[in-house]
Every structure is written in C-alpha cells, then in structure tokens.
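The letters A, B, C and D name the chains in turn, as written, and every chain counts its residues from 1.
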Amino acid sequence: MKKIVISTGGGDAPGLNAVIYAVVHACYKRGWEVYGSRSGYMGLLDVDELVRLGLDDVEDIYSTGGTIIGSTNKGDPFAMPVENLAGEMTVVDVSDKILHNFRRMRFDCHIAVGGDGSLEIARKFAEKGMPVIGVPKTIDNDLEATDRTFGFDTAVSTATEALDKLHSTAKSHDRVMVVEVMGRDSGWIALYSGISGGADVILIPEIPFDMEKVCEKIMDNALHEKHYAIIVVAEGAVAAGGKVISKGMGEVGRSELLLGGVGEWVASEIRARTGKDTRSLVLGHLQRGGSPTTFDRLLAMRFGAAAVRLIEEKKFGHMVALISPNMSAVPLEDAVKSRKKVDLNNDKVFTAREIGICLGD
Amino acid sequence: MKKIVISTGGGDAPGLNAVIYAVVHACYKRGWEVYGSRSGYMGLLDVDELVRLGLDDVEDIYSTGGTIIGSTNKGDPFAMPVENLAGEMTVVDVSDKILHNFRRMRFDCHIAVGGDGSLEIARKFAEKGMPVIGVPKTIDNDLEATDRTFGFDTAVSTATEALDKLHSTAKSHDRVMVVEVMGRDSGWIALYSGISGGADVILIPEIPFDMEKVCEKIMDNALHEKHYAIIVVAEGAVAAGGKVISKGMGEVGRSELLLGGVGEWVASEIRARTGKDTRSLVLGHLQRGGSPTTFDRLLAMRFGAAAVRLIEEKKFGHMVALISPNMSAVPLEDAVKSRKKVDLNNDKVFTAREIGICLGD
Amino acid sequence: MKKIVISTGGGDAPGLNAVIYAVVHACYKRGWEVYGSRSGYMGLLDVDELVRLGLDDVEDIYSTGGTIIGSTNKGDPFAMPVENLAGEMTVVDVSDKILHNFRRMRFDCHIAVGGDGSLEIARKFAEKGMPVIGVPKTIDNDLEATDRTFGFDTAVSTATEALDKLHSTAKSHDRVMVVEVMGRDSGWIALYSGISGGADVILIPEIPFDMEKVCEKIMDNALHEKHYAIIVVAEGAVAAGGKVISKGMGEVGRSELLLGGVGEWVASEIRARTGKDTRSLVLGHLQRGGSPTTFDRLLAMRFGAAAVRLIEEKKFGHMVALISPNMSAVPLEDAVKSRKKVDLNNDKVFTAREIGICLGD
Amino acid sequence: MKKIVISTGGGDAPGLNAVIYAVVHACYKRGWEVYGSRSGYMGLLDVDELVRLGLDDVEDIYSTGGTIIGSTNKGDPFAMPVENLAGEMTVVDVSDKILHNFRRMRFDCHIAVGGDGSLEIARKFAEKGMPVIGVPKTIDNDLEATDRTFGFDTAVSTATEALDKLHSTAKSHDRVMVVEVMGRDSGWIALYSGISGGADVILIPEIPFDMEKVCEKIMDNALHEKHYAIIVVAEGAVAAGGKVISKGMGEVGRSELLLGGVGEWVASEIRARTGKDTRSLVLGHLQRGGSPTTFDRLLAMRFGAAAVRLIEEKKFGHMVALISPNMSAVPLEDAVKSRKKVDLNNDKVFTAREIGICLGD
C-alpha cells in the first residue's frame, strides 16, 4: 500500500479535476491512499490543509472546471513571504518543513500538477530527495516536452464560441470586431480559435504585425461584398519593429499599448485608418473556466493515470508527457526548459495563409 | 395579394431573424409578397437595397443571430447626414423620398422591427400616412408596453454561462470576480443573470450602491467557508449619492468611473478595501450575439406572426406587444414612451434578497 | 428558530437543486434550520436518511441537474410495499410513523417538491395535521394552477438543440427526421420545441392526427425546393379516430403503435407513403437531465424562496404557484386537480399554423 | 487558372462544410474556380446540378453541420440503379458520361470527400484517367491511413454531453443508464465518450463482453455508496462467444439482439440480473449533426487546404491524410484498405482500465 499526495498549482486550466479523478481512481484500483494538498504546498506545510480523497470525493468532478483542492498562490516554499511579529514581510524557506511533513506522513510520492513555476519547485524538491512526479498544466499549450496540455482545447473552444457569437453581429452591422485572447508569449490560442472561428486577421506574438497589412485585408473584404471583419489578437502580439507607428499619434511603445490592451489599440487604429465601425473585447478569464471539453477530459485523465503508472515504475523526478500516441516521461529539468512557439512552418500557419487569413505580415 | 416590406434597425438582438422567418412564412400562407429593406430604411431610399424574401431565403435563419437584411445605422431619414458636393456634412430630410418609393413600389405595409429610435421614426412615417406596424426590439427588456422582448433571454443566458465559467476559477483561487453586463438604465440583465448564476452581489442602476455593503457581503462569505465571490454589475450602476467615496482617492463622479467602466472601478475598490485577489471582466457584445435561445425564438416568431395578423386587421400605427398570454397591439405613440425599470417590489428582487444576495443597499 | 424538512419526489426535472438552494438560503437568512429527507419521505421514515443542509452543502448546486437529496421512488407512504418475514410483498401504511418522526424531530414544516403523486401524498399528510407546503414539479408544464413549472424550459431547449442537430443532416441528405419527445397527455414540449426548431409537422395528443395531412405537408415542401422535413411527435400523440389506417397494414390501435413508439410508427408510415428516406429518434431521458437553463434556475429559485415565505405566513396546506408576475399560493387540493392541455386557441398554436406548420389536422 | 469540382458523399459528418470553405478559399487565393457537384457525382452526371462556389457562397459555413452541396446517395456511378421505360429497375454504368462531362467542362481536378464507398469510386475514376484527390470522411475515426478524421470529435462531444445529462438523473434516482452510441465495427466513439463522460462500463466491438462482469461492476459500485451506473455500448458490441446466454431466455444470436438494439438488450439483462431500475437510450443521428467542434473545424480546414496543395503538386490519385503533425498524401488504393480497430494496447484502453472502467472482459 502506498500513500500519495497530489497538489495543483498556478493559474486555472479546465481538466485539473479530471487529473485528480484519474489519480484517485488509479490509486484506488491499486489499493493506495490519496491525499490532496490544498492550495499547492499548503497541505504539506500545515497538515490541517491535507484532505483524504476517496472515490466518493471525486465522483462527479471530471466534468467540472477549477480544482477541488484549490490552487491559491501562497508563494514559493523556497522563498515564502511571511509577516514577522513586527508586521513586516520577510521571506523564509519552508521547504525543509514541507519535506519533514512529507516524510512524517509517510507519503511515497507527491504528484505536482502545475505550470513552469510549480514544476520548477517540484524539481527542487526532487533534488532535495522528495519522490515527485510532475503533471504539466499550461493552458497555452506551449511546452516543447509534451505534444499537448489539457485546458488548451477548452480555452480554444471558448474563444471560438465567442467569435461565433460576434460574427452575426459584425455581419449585420458592417462592423470590425477585435477580440483579444490569451497568449502572452505564444499565439496558439489565437491561431487555433482564429482559424476555427472564421477570422480575417490573426495577430500573434511570433509574427510582429503591420497595421497597413491588417487594414488592407479589411478593405479587401469589400471586394467580395463582405463589409465586416473578425480580428483575433493574442495579448502578447506586438507591432513590427517592436513599436507601432500610429496615424497622428506618433510612436507608441508596447508598455503604452498595454494600458488598454493590444486589442483595444488595434481596434482604435483600425477605426482611425479605415473609418469602419470597430469594437473590441477582451475574453480574459472566460478562457480559463468552465467544464472541460471531451478532448481535455480524456487528455487530463490520461495524464492522471500515467502519473500513477510512473510511481509504480519509480520514475520519480519525471514529468508525464504526451508523445503521441503514448504517454511518456521526461526528466523534470528538461520539462519546463523550452517553450513551444508557433513555428511559421507549422501546418496550421500554412492553412491560415491558404484560406486567406492575414497574419499581420 | 399584399406587398409587405420589413426592416430591422438599431443594435443587435438574437431573434431578429426569427421575426423575419415568421413574417415571411405568415405572408406566404396568405399569398402575400415580402421584401426586406436592407440596413433599416435604405431599401426604401434606394430600391437597389430592396430584396425579395421567399421561403427558401429564410429556410434556416430562425436559429441564427444577427439579421439577414442588415441593421447598419445610416441615420434618421428625417435628418440624415449626407456629404454635399463641397465635401461638407449636412442634414437632409429624405422621408418624402422614402414615402414616395413606398407608394411607387405599391407596398401595403411596412413592418418596422426596432428599438425606441426606430419605432419613433416609424411613428413619424405613420403620421405621414405610411401604413406601419412596429415590432419592439430591445435586449434590455425595458419596455412598459410589452411583457417581454426577444433577445433578452439569450443575453441573460450568455451572461449566466459566463458566470458559470468564472465560478469554478473564483472558487479554486479564492478570488472575487466582477462581471460587468449590459444595462445602462435598467438592471434586468444583471438581476436575472446574477440570481441564475449564483452571484453574491448584484448592482443595478435602480439601486445606488454602497461599497461598504458590498465589501461586508464579501467578508461575510468567509463565515461559512466561502472565500470567493461573484459580483454582477450593470454598466449603468452608480454609487449612492451619485458619487463614490473611495478610500484614499477622494470622491469620484460617474464620468470618471466610466473611463474604465464601473466594473473595473468596483473591482479596484474591492481589492483596496478587502485585500482580496479581484478580477474584472466586461461581457460587452457577447451578450448581443449568438443563436437565440428556444424562448427567444418562440417569442420572436410570435411577434412576427402577430405583426402579419395586425396587417390583416388593418391596425396600422400600432406595435405588437405581448400582454401574456396573448399578443396584442398598442399605439406606436404609447409604445416607446415609458421604460420598465426594476421595481423594488418585483418578486425577483424579493427572491434575490431572500437568498442572501446583496443589492448594494 | 424554525426547523424545516424538504423532500423531492417523482421524475427528474432540471431545477430541483435550485429550489433546494433557494430554500436553504432563505432559511439561513431567517436563522432557520433545514434538513433534507432523502428519496422522498424516506428521511422521515428512517431518520438516518435525514441530512442537515447548510450553505456549504448547496454552494454550487443551483446549476446542476438531478437532486442532491435523491428522488428514488420507494412508494406511497400510505400504501408502501414491504417484504414480510415470509418474503412476500404486502402493503402497509407508514404515514403515522412518518408523522410521528416529523413531530419527534420538532419540524415546523415539510416542503414537498413533487409532481401530482407526491403532492397528493402531501395533501393527505396536511389532512393528518402535518404543516406542509407544496412546490410543483412537472416537466410537462401541464398544471392549471401555475403559469409555469421549472424544468420545462430546459426540456424544450434540449429538444430544440436536438432538432438543430438533425436539421443539417436532414437537409444535406434529403431526409425526413421524426423526433419523439415527452408529453403523454399534453403537447407543450412538442409544440414549443417544434416551433423553435423549425419543424414542418408537430403532432400532439390534443390534436388526433391524419397521416394524409402529414404526408401532404412533406410533399408540399418540394414546391419551394425543400426536400427534407422535420417532424416532432409527442409520445402521447394518436391518429384521428383513436386508430390509424395504415397503407397495406390494416388498422392498428394505439397499444400496437406503442411497441416501437409512435415516432417510429409515424416514420414507417411516411416511408411507406412518400418513399422518402425517413429516420426516427426518441429523445427520452435526455430531456430530463442536464444543467437547468437560466429561465428554469430563476423560476426554481423563486419557487423555493416563495415556499419559505409561505411558512412565515403559515399558509400550510398550500402549493406555491406562479400567477405572473407574482408568486402566489393555491390550496393543495386544487393544485393537482386540473391539467393544462394545449388549447387550440392558444397563441402558440396560432403561430404554428401561421408559419405553415402542419399540426396533423 | 484551374477549374476544380468538389463533391461530398456518404453519411453526414460535422466538418464537411469546413472542408468546402477551405477548398474555396485556397482556390480563390490561387485564382482558381471551384464548382460543387450536388449529391455526390450528380453534378457531373447532370450539369444542372453543378453550382459555382465563390467566397460569398461559403461565408459562414465553416461552423455549420451538413454539407451545402448535399450528400444524397444516388448510388454508385459504375452501377447506378435506374428505371427503364417499362418501369423496371436496372443497373447502368454512367461513369463514362461523368468522365465525359468532367472533360467537357474542362475541370482540372475532382476533390472527392467521402467514406470508403465514395473513395473507392474515386479510385476507379482515377484509374479511368480522372485527376482525383480524396479527402477522408468517417465519423468513426477508423482509418489506418490517417491519424484522425473530422466529425469524430463532434460525435464524441455529443455523446459525452448526453452522458453528462443522464448522469444527474441516474444519480438522483439510483438508476442504471445504458446509452448506445455509433460504432458498428470499432469502439472509438464509445471509448472516448465513455471515459470523458465518467462511464462505469464501456462495451465495444473489439472486446466481446461478459454480462456477468458488467453486472459485477454495477454491484461493486454500491461498495463506495454509488448506487447508479452509466453504461456506454457501441452499436456493434457483441457478447463473448458471439452469442449471449441470457437468464431465462435461452441463447440469442446477434441478429436477434439487433431488433431492439444491443443497448436495449444490455439494459434488459441488467434489469433482470441486478434488479436495478434500468433505462436505455439510442443516440443515433444526433451524433452526426450539429456545429462541428473547434477541433473538427480546424482539422477539416487543414484537410481542405491540403487537398488544394496536392492539386498544385499534381499528386492525383491520392488521399489527404494527417500524419501528425503534418498533412500528407497516401495513394487512394491504400487509403481505404485497412481499418483502425481499438487496439487493446492503446493508451486510452489502459487509462479506461486504470480508472476502474469495466470493458466487459
């Protein structure tokens, strides 16, 4: 009999509960016990925050968003901000206490579900001797080490649904609709949702954009009697040259843009340059919530089941990864190193260009 | 045989196409012809913008958002902005030309689907002798003259779905989520979606809000181990006294608030006063788009069918209205006069209070 | 301080949990205690089946289908089937024991949420002296005493979504699709979903149908280049004359029809008479499940909040009812007496006919 | 300038219109003309059934189910059933006429979107000298030659949504729900939707099932206080030994089963063996319709864009295939040969077993 503790850390991603569901079921099948550590490592810092997870605790959770064990950021255990008696904030290393509790509770493994921050902490605990298995969580699908991460398909679906809703209004009112989606460093969500949602223009961080090209595309639409346009902008998209030459406004740098968001800026530029009735919208947290899609549920459950298999195989210090069509393991140190950017030779980029979508270049 | 022309004007509302669908079918049944006037009155100003609508043109449209005949605002026909030869904008009255075209095309009636702006124009045409039937369109459901308008149920559903999505993230991360929904003058969308979406606080234009009460409710949640909150704010909500006393910031008036939107302001206040991790989101145009709900499709079709019945009964100069459970007719001059605000004795307000929702007072 | 017990009985209807949510919140506000009686009256028969309901127990339930306290049918407490020592089934009256437990636990009121069966039992308990408030639950929306019941809008939405899905396939393949929906005695679900889902034919129990008329409508579609059709059939629809004259098969009565369901029978008749490629589908339990629509959540919460208000007003022996726009109370004996059938003078029936839908007559 | 004709054949699959959308856009970009051949090869048999497809014809179609050029089965052009003058049905080979029309219209390539039947016909036309590119269409995702086919993700999503809806009812009423999904020869839809929808039992054609094991799983649920169960059955699932030993009914073979469907049979067996309240449902055509998921839209557009690329590369006689992450081409003769069955070493099968799902063995 083994005793496992699982934690979920970082931003929300639909599928976290499906991972927990699969871990609890796969452990139950082996006769193992599972505990959830609330709010990341809090359950290992303060055992009152540990919760026993049986089959009945996870009965319906695979279809729900969020995480039943919480994911509130309490800070890095290796440098945790705490208030001292004088009321001042200092930083202390609580990792020893966490390791001590882990051993005192006789846990056999910690399954750490998280993004690069959480996985880097997991790696440090592995170095300190804690048997750890990582499960990657990034809604942006931008890890080189795994073909896919859960949450991404749901985020893309939410963004695409929003485009569908805006489409009819844009068309009826001859409007340009600019939608800002997640993607600070990579444009995957923008690219996938833009293609699926019939966008005319998709702007991503990997391709600095030229407002002239964007406006040209919008005006070209009129040639075949299409008097509206849908523009998808990743939040990290930037104008060519790292700056934007705006008509009558002089140059503006990125920081200035971000006051109102790049989507709003693009919209105001389009309005000024084309005279079209233009509106913008920021999807924001809508993309992180909701019931995971079928695709994400299945993927998340596969990650969870594979994590338990790795424990059996004693592949500690590794992260579960999808190397299609199989689940595999990569060392935690490799896991979070390299980011998967949108490659301009990617077939989805080809497709976007071939169906006439302007990528801003 | 009669010849009918239909136009749709003003902001988008899911169900416009279902009205057109019903009008075309109800006319087909009677052997009447239907024409659509593109972009409001444009089809009557320039007959190239008239389009014949047969059964096959409307085959699948009842389930779609937007309007197949367009709703771009070209301005008031009684005071239309036009560019003269010198390139200057002037205002001309084109209503005589429209009436002339209407008669020349031998139309028997104009069905004007629109909000208060469009219906007021319809009323003026009725005065000039054009046989007109109005169909009300306001997504805010704020007309005194009719029990319900189409589009509202869809807008509420979109807002509620958004609340559902944000709920799990708020809960997992101990966050306060502030969602700004439509409703400049009335809080119907906020009230309906807030109750249905399990909000803790609902702020509406009809009840000036007190930030102290709002923050008290958020902190009270912790008493029963609820460390998050969902706040729904109608875009027209204002702080008590017409101004807001903000901690450390002095007084701010409404215009200042609206720079970032009242939702953002409420979020920043909550953050400052409670120290809670707080995020805000503006739903905006998402609420006007998408496939109409079943409720709105049925209601819109009833409006359309009733409009055709009124033509048969020669009740020109009237607007179709739902006086439950029947469709009825009210004179156009009464139609747009009075707005239906959220009445504090309304049973939905009672319900909100009884289930512990804070309304800001 | 009062002590309330709530039970949910009979078939599933989306919104049951929203009623429980509102009851628990409205009682919390008053400082009252709420208990749930599992599986109808079981919690009052065997107090181990009673469960205390606090705010945290109902936190997220307003958006979920089913009922958290269960609705398994264990039979009528006034004639409950039990197995005696010899292993034989007998019927015993356990109502005294239930009343005894109710008093012993010092409950002040029982809120019985249920259909006509459960409400009739509630009425008998009221006669015996138990303070009872009824909340109506029928997905068919067929109670004369209340304008609306929760669950109906969700069922209609599910049926309409199914029609939307089948529509594109029917059209692409020139097919006739027959969909059987709920409605043994009344055709409300068929009528509402049929209109909203663009059906060509709607068959309801209130209008005995003539297969000739049905097939005529299907063939007429071809006149305007529509080579497919969508037929919605309520499960209780019957052919004119109480029997069906089928081509080449002689007469078949209703019982025979129901072997494969009336939908399947209608499909086979259409196939035989028109030669069209025809398919049928029974929606069944899909209509009873799922997250309640916004409309149903709000309505259910209003019912729940109103039930608690009635307790305060000591209106025992009454059922909550919606007499638009207010919640009202009707005596339990009147509540379940008369059924609301589809009236042929109903405006929705008018609308259906005017937009060219064949109602089988 | 090239002239392309596209046809869609066989059963419905969400994403057909997205393929057409991408083909039309990718051709427009190259200055090529596209024609749609209605109802498979009909447009090439009778040129009145050819329709010119421009950008405006495909404007909004990527998000819709069905196919705008129709997919009615008129039979195999190499052996087409026709009525002769005497009113008798005979079979004629119309392939020469089709080839003749293809050349007379000066088409450069035929893009044939279809299942194995349509692709086999395409292969024969390629042999006769017609430049053909195939695009695979099977909702069952069972082609060895391509990693994925469009429509499958939508079908799985529809099935999973149905499971979600049934789940709450099953739980509230202590019921067993049996859902029959598509999959005559392979269990992919059942496997994916069953895992994602939290099923207790999944029965697929690849694993002959043992009713004892199925019932054992249902009874085991009670050990952890779960008194309901969800069973997903592929329509082609069979009992171990090719036959079923049913309690009290003797042996029944497969053909007998299929009268009421295997789902209904499984339900009746569970009812008889466990005494549980058991219901069954056949999802049928619901799985083939509706708006394609984001995943399917993107995949379908990639297939469409790749087909046009293949024309440019003159890779006639080939079918587009996804060999992740790139689009590739496989000879038509290899394309339809081998079917991809659920392999028992597949990671999804592992996952199912590890999270405690009974696969009937």
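Convention: a contact is a pair of C-beta atoms (placed from the backbone, for glycine too) under 8 Å apart; a residue touches a chain by one contact, two chains touch by 3 or more.
Here the structure is a predicted model, which is why all the values come from computation and not from measurement.
Spelling it out: a chain qualifies if it touches chain C and also touches chain D; which chains qualify?
Output, common partners of chain C and chain D: nil, no chain qualifies.
Which of these pairs, C-D, A-B or A-D, matches B-C in more than half of the residue pairs in contact?
A-D
Quick one: chain B and chain D, Cα centre-to-centre, how many Å?
Roughly 41 Å, centre to centre.
At what distance in angstrom does the C-alpha mean of chain B lie from that of chain A?
Taking the mean C-alpha position of each chain, the two centres sit 34 Å apart.
What whole-Å value do you get for the distance between chain A and chain D if each is reduced to the mean of its CA atoms?
Roughly 31 Å, centre to centre.
So which bits of chain A are touching at least two other chains?
164, 167, 171
If we count contacts the way the header does, which residues on chain B are in touch with chain C in the complex?
Residues 21-22, 25-26, 28-29, 54-56, 59-60, 62-63, 147, 153, 156-157, 160, 164, 167, 171, 192-193, 195-198, 224-226, 291, 293-295, 297-298, 301-302, 304-306, 308-309, 324-327, 346-348, 350-351, 354-356.
Considering the complex alone, what residue numbers of chain A touch chain B?
Per the stated touch rule, the residues are 8, 12, 16, 64-67, 70-73, 158, 162, 164-169, 171-174, 177, 277, 279, 281-282, 284-286, 288-290.
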